[in-house]
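Please go over the structures that come below.
Same chain, two partners: subunit A is paired with subunit B first, then with subunit C.
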Partner chain A sequence: MAAVVAVALSFPSMAPSPYELTVGIAIVNYAVLSTSWNFVGGFTGYISLGHGAFAGLGAYTTALLVTKADLPSFAALFVSAALVAVLAVPVGYAALRVRGASFVIVSIALVLIMLLVFQSWSSFTGGSRGLVVPRPFPGMLRSEHHEVFYFLFLALLAVALLTWWIIDRSRFGMGLKAIREDEDKAQSLGTPTYTYKLVVFVVSATFTALAGGLYGLWFGDLDPVFQFSILSGAYMVLMALLGGVRHLYGPLLGAVIVGYGLEYSKLEYGDTPLHLVFAGLLLGVVVMFMPDGVIPAATGLIARVFKTGETSIREVTAAELREERGQGGAEPAPGSPGQKREVKQ
Partner chain B sequence: MSAKENEQGQGQEEGKEHGLATVGLTKAFGGVTALDDATVSFRHGRVNALIGPNGSGKTTFFNCVTGMIRPDAGRTTYRGRDITAKPPHRIARAGIGRSFQLCRVFPRMTVLDNLLVAVRPPNLLAQLAGARKREETERARYWLTRMGIEHLERAEARNLSWGQQKLLELAGVLMSEPELILLDEPAGGVNPALIDRICDLVRELNAEGRTFLIVEHNMDLVMSLSDHIVVFDRGRPIAEGPPSVIQSDERVLGAYLGV
Partner chain C sequence: MPSASLVFQSIVLGVLLGGLYALLAAGLTLYFGVMRVVMIAHSAFLILAAYLAWYAHRETGIDPLLTLLVTVPLFFAAGVAMQRLLLTRLRPATLTMMSVLLTFSIALVIEGLLGYAFSGTQRRIRLGYSSASLEFFGARIAVVKLIAFGMAAAALLGLYLLMKHSRFGQALRATIQHREAAALLGIDTDRIAGYGFGLGLATAAVGGTALALDTTIYPSLHWHWIGPLMAIIVVGGLGSVPGAAIAAMALGMTQSLLQLELSTTWAQTVFYVALFATLAVRPQGFFGGRLAQRF
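Entry: the complex of A and B
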């Protein structure tokens, strides 16, 4: 744990080039996004494919507040997160009425609506021509700029993880997890499920918007096609599922694996859609072989290895005995039941 | 416990007070009228039973009363308060707990956590406090011990046997401190020894002041356990009374035999 933190903190000084640093930023950004997603997905089991909308809104609102309202960059970031939080209330109010697959579809609708709005309303948003976000630190060198944002993303990740941890161990979190297990049952035991879902949905949207806004300030150029893409939401889901949605560090681990893979295939194969193939294959592997994610699969494996190594000599001997008998009876011994029958017939 | 005090305090003054009551409760699913103008009341402090042939509306009655389903018409009151169409968690907090027809627990939570879900935080800030407070854990252990499954406290609920899950579900309901407990087929799929155990528990808990309303097909259990029986047929009550009366009621026999 401490080692991971140490590596994360010293990464900028170790990174051989600014490019590696930008990959690091992208990965930490993914980690914040999927940890934010996991407030809803992990606790309540509601799979939102539309969380990209909140990231995009966070980015655009921050950018517009800087360019149109002349707010300082970081004031704009927090105002934008607050605005998205307010918007998430009616969105959640409507979307959380339906469960399961219906919720997934409703959540996608939000991204598509936002994409159309931000593309068409080009006089305000810049449309497909893009929107340039002024840099928060104008005099700074490019590499310094990356380094500062790397640490800002890391700080945001720490806050998101801390919040997730606090909720995880709280009564509120217990209620949310009960919703994931059996929503009717939770309600019949007195949990105000709808309010719980809505609150955690807003928390999730807020963190997602903060990540999106920070991305906007760092990257400096926004395009609706990328900001309001189904893909960004799908990545959050993939990363969280891959790592393990029930675990604090699940989405973070997933983000490191998927984020690195995405950046690697983008670098190797350029503008081909191969990185999507990679993501799709990974999703298939996760769903088929590790439905609970890497963390539970790994701990399960370790537990199993540990068990056979340590505990029952009896179990091993029983298995060995059976094996011995099976082999012994197969060829030389006429006493095995299978052979006897053959002889008789 | 609080339910007991409540019972002793109010039960004596208003001895024959009605606990749960419905007036004209009606619910149709498409063309099927599951509840048809059902007016019925159950007295506080008793073990009540609700029986009737399959499809007579018993479970729909449960679901309407506990807010899981919104009735098309009619009113539900509990101890004089209107609880019609209130959300389920409000009804739970009004003191009505329920079990489900096919036993439902939180499968991937531990046995102990299954009970702790039912703890009601006293205020908003307490929502963020730790979920495993000592006195609540102690209370959960108390109920697990009474159910005889305290040794399973750390097991995941999905790994329990069917009978153990039934007991766990009951423990969870009790953890939410209900005055009135609705049990939907408590003996369904349960072995005879455990049926006896569940019956004993119901008797003990009733003696401690909890009211029961039980839907059950096992007639031996219903007749031996309940003080008062209401018989449903085609979505409305057709008879009610103590077991001895119900057993010899011709309308009841007719409903069951389909005459």
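Entry: the complex of A and C
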């Protein structure tokens, strides 16, 4: 753990060229995005394919606040995150009224609608000509600029991970996980499922918008086709699922693997349609064969190889069972709850 | 204010477009009915069929309509294979969410392969009758649009007859209504669900060929179709074929009428407005029953 942090912190000074540093920034950016996605996807099990819209909105609102309202760059970043959070409320309201399928449909629709709006409304957003974001630190050299943003992204990642960790251990997080396992039961046990889902959706949108806004300030040039691409939302899902949605570091691990692969193939092969094929195949393989991600798959494999892990079925002898049930008590009838075999999730 | 004849022309065009939407939405409804699956790749298969029609026409010069003889059985088989080999292997507990991701990944693969094979260039079929048009009570309607509508209407009618008046259709409807009960009555629900999936994909083959007749196609076009189609099935109520058809007609016509006053892109937002309004006001859709409540 400490070693990973040390490597992450010293990466800018070790990176042989500014190019490696930009790859590092891109990967940390992916990690923030997929960790933000995981607030909804990991806790509640609702899979959003439209989180790209929140990142794009964060980037565009930040840029527009800087250029049109003359706000200082970082004030604009936080104002834009607050605006996106406000917008996420009605979106979540519509999306979370019903279960699963409609949520995914709304999330995809959100990206498509934003793409339409930002392309068509070119007098305000620049349309397909793009929108240039002024740099926050005008006097800085390019390499220093990269270095500063690398640490900013890293700080945002730390905050996102910490928030995830806190929610994970809270009563709120318990409620969210109950929704993931069985929403009907959670509701009947008194969990305010709808409010919980909405709150975590807004938290997730806010972090995504912060990451998007920071990206906008760093990259300095926005185009609706890339900002509101369904693909960027799909990458977040892929990274989180590949790493493991139930683990704090799952999305981070997925982002390092997929992000490195993306940047490497961009360098080696340029932009070809085969990117889509590989992303699609990888997503398909993850969904089919390891929907829980590499972390559980790897730990499961280690447990199987070294035979250290507990099995999922508790083995008890009849004698032990009798002892456990308390002597003298009447034997429960077959099929009653007492006979239920305990299965670990 | 646009003239009356222009409005009438828009209404006719809206009906023609609505017919195609209705057929494709019926396919999406079938998948949802048999498997509770939102099939994101539906429109990717639509574009694939359009490309196959275009490619066959370019290479051999045959009429794109003839490609239906190959694509419909091919897509039916692909649908059955997809259901049997991929979707049934997902965990039932997370099927709805994971199947979305799986079909999404299939859509990405199709888009990527189309882009790789045929490049991102916009393609269009030029036919002898491409520019022909008919006068219809003062409205000018392109013949290819009429043919596309005729294909969609014929396919929908065929689907309706199959669902209502054949033993297979009865079994399929029983599977959609209550899978366990259907299985208890001796219906092989797994096989029926596979065929239902195949039928859904066959509608994409018909729709794609119809689309290729009068539209410029490119690999990423499917994103422009999946949004409206999904809005239609939600507005109509997930799982309801008549609901999807009515919503398709209503929204297709609204889109066509809005194009008189607004640009094409802005007119498309009507689908998303309808989607959000439906979910906020009546989340189960306007014609959805018990099934739609829970999804």
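The definition used in the following text is that the second predicted complex is superposed on the first by the 307 of 345 C-alpha atoms of A that agree within 3 Å, B and C clash if a C-alpha of one lies under 4 Å from a C-alpha of the other, contacts with A are read in each partner's own complex, and residues count from 1 in each chain.
Throughout what follows, a residue touches a chain if its C-beta (ideal position, glycine included) is under 8 Å from a C-beta of that chain, and two chains touch if they have at least 3 such contacts.
Model, not experiment: these values are computed from the prediction.
Novice: May I ask you to decide whether A:47 touches subunit B, subunit C, both, or neither, giving the answer as first, second, both or neither?
Specialist: Touch partner of A:47: subunit C, not subunit B.
Novice: Once the shared chain is lined up, is A:300 touching subunit B (first), subunit C (second), both, or neither of them?
Specialist: In the superposition, A:300 touches no partner, neither subunit B nor subunit C.
Novice: Please indicate which partner A:186 is in contact with in the superposed arrangement: first for subunit B, second for subunit C, both, or neither.
Specialist: After superposition on chain A, A:186 lies in contact with subunit B alone.
Novice: Who wins on subunit A residues touched, subunit B or subunit C?
Specialist: C
Novice: Check whether A:173 is in contact with subunit B, with subunit C, with both or with neither, and answer first, second, both or neither.
Specialist: Only subunit B; A:173 stays clear of subunit C.
Novice: Per the contact definition in the header, classify A:134: touching subunit B only (first), subunit C only (second), both, or neither.
Specialist: In the superposition, A:134 touches no partner, neither subunit B nor subunit C.
Novice: Considering only touches as defined above, state whether A:101 meets subunit B (first), subunit C (second), both or neither.
Specialist: A:101 sits against subunit C, while subunit B stays out of touch.
Novice: Return first, second, both or neither, reflecting whether A:109 touches subunit B, subunit C, both chains, or no partner chain.
Specialist: Second partner only.
Novice: Subunit A touches which residues of subunit C in the complex?
Specialist: Contacts found on subunit C: 32, 36, 38, 40, 86, 89-91, 94, 96-98, 100-102, 104-109, 111-116, 120, 219, 223-224, 226-227, 230-231, 234, 238, 263, 265-266, 268-269, 271-272, 275-276, 279-280, 283-284, 292-295.
Novice: Please give the residue numbers of subunit A that touch subunit C in the complex, ascending.
Specialist: 45-47, 49, 90, 93-95, 97-102, 104-106, 108-109, 112-113, 116-117, 119-120, 230-231, 234, 237, 241, 272-284, 287-288, 291
Novice: Can you tell me which positions in subunit B touch subunit A when the two form their complex?
Specialist: For subunit B paired with subunit A, touching residues are 66, 68, 87-89, 92-93, 97-98, 100, 104-109, 113, 116-121, 126-132, 172-173, 175-176.
Novice: Quick check: in the complex, which residue numbers of subunit A touch subunit B?
Specialist: So the residues of subunit A in touch with subunit B come to 166-167, 169-175, 177-178, 181-182, 184-194.
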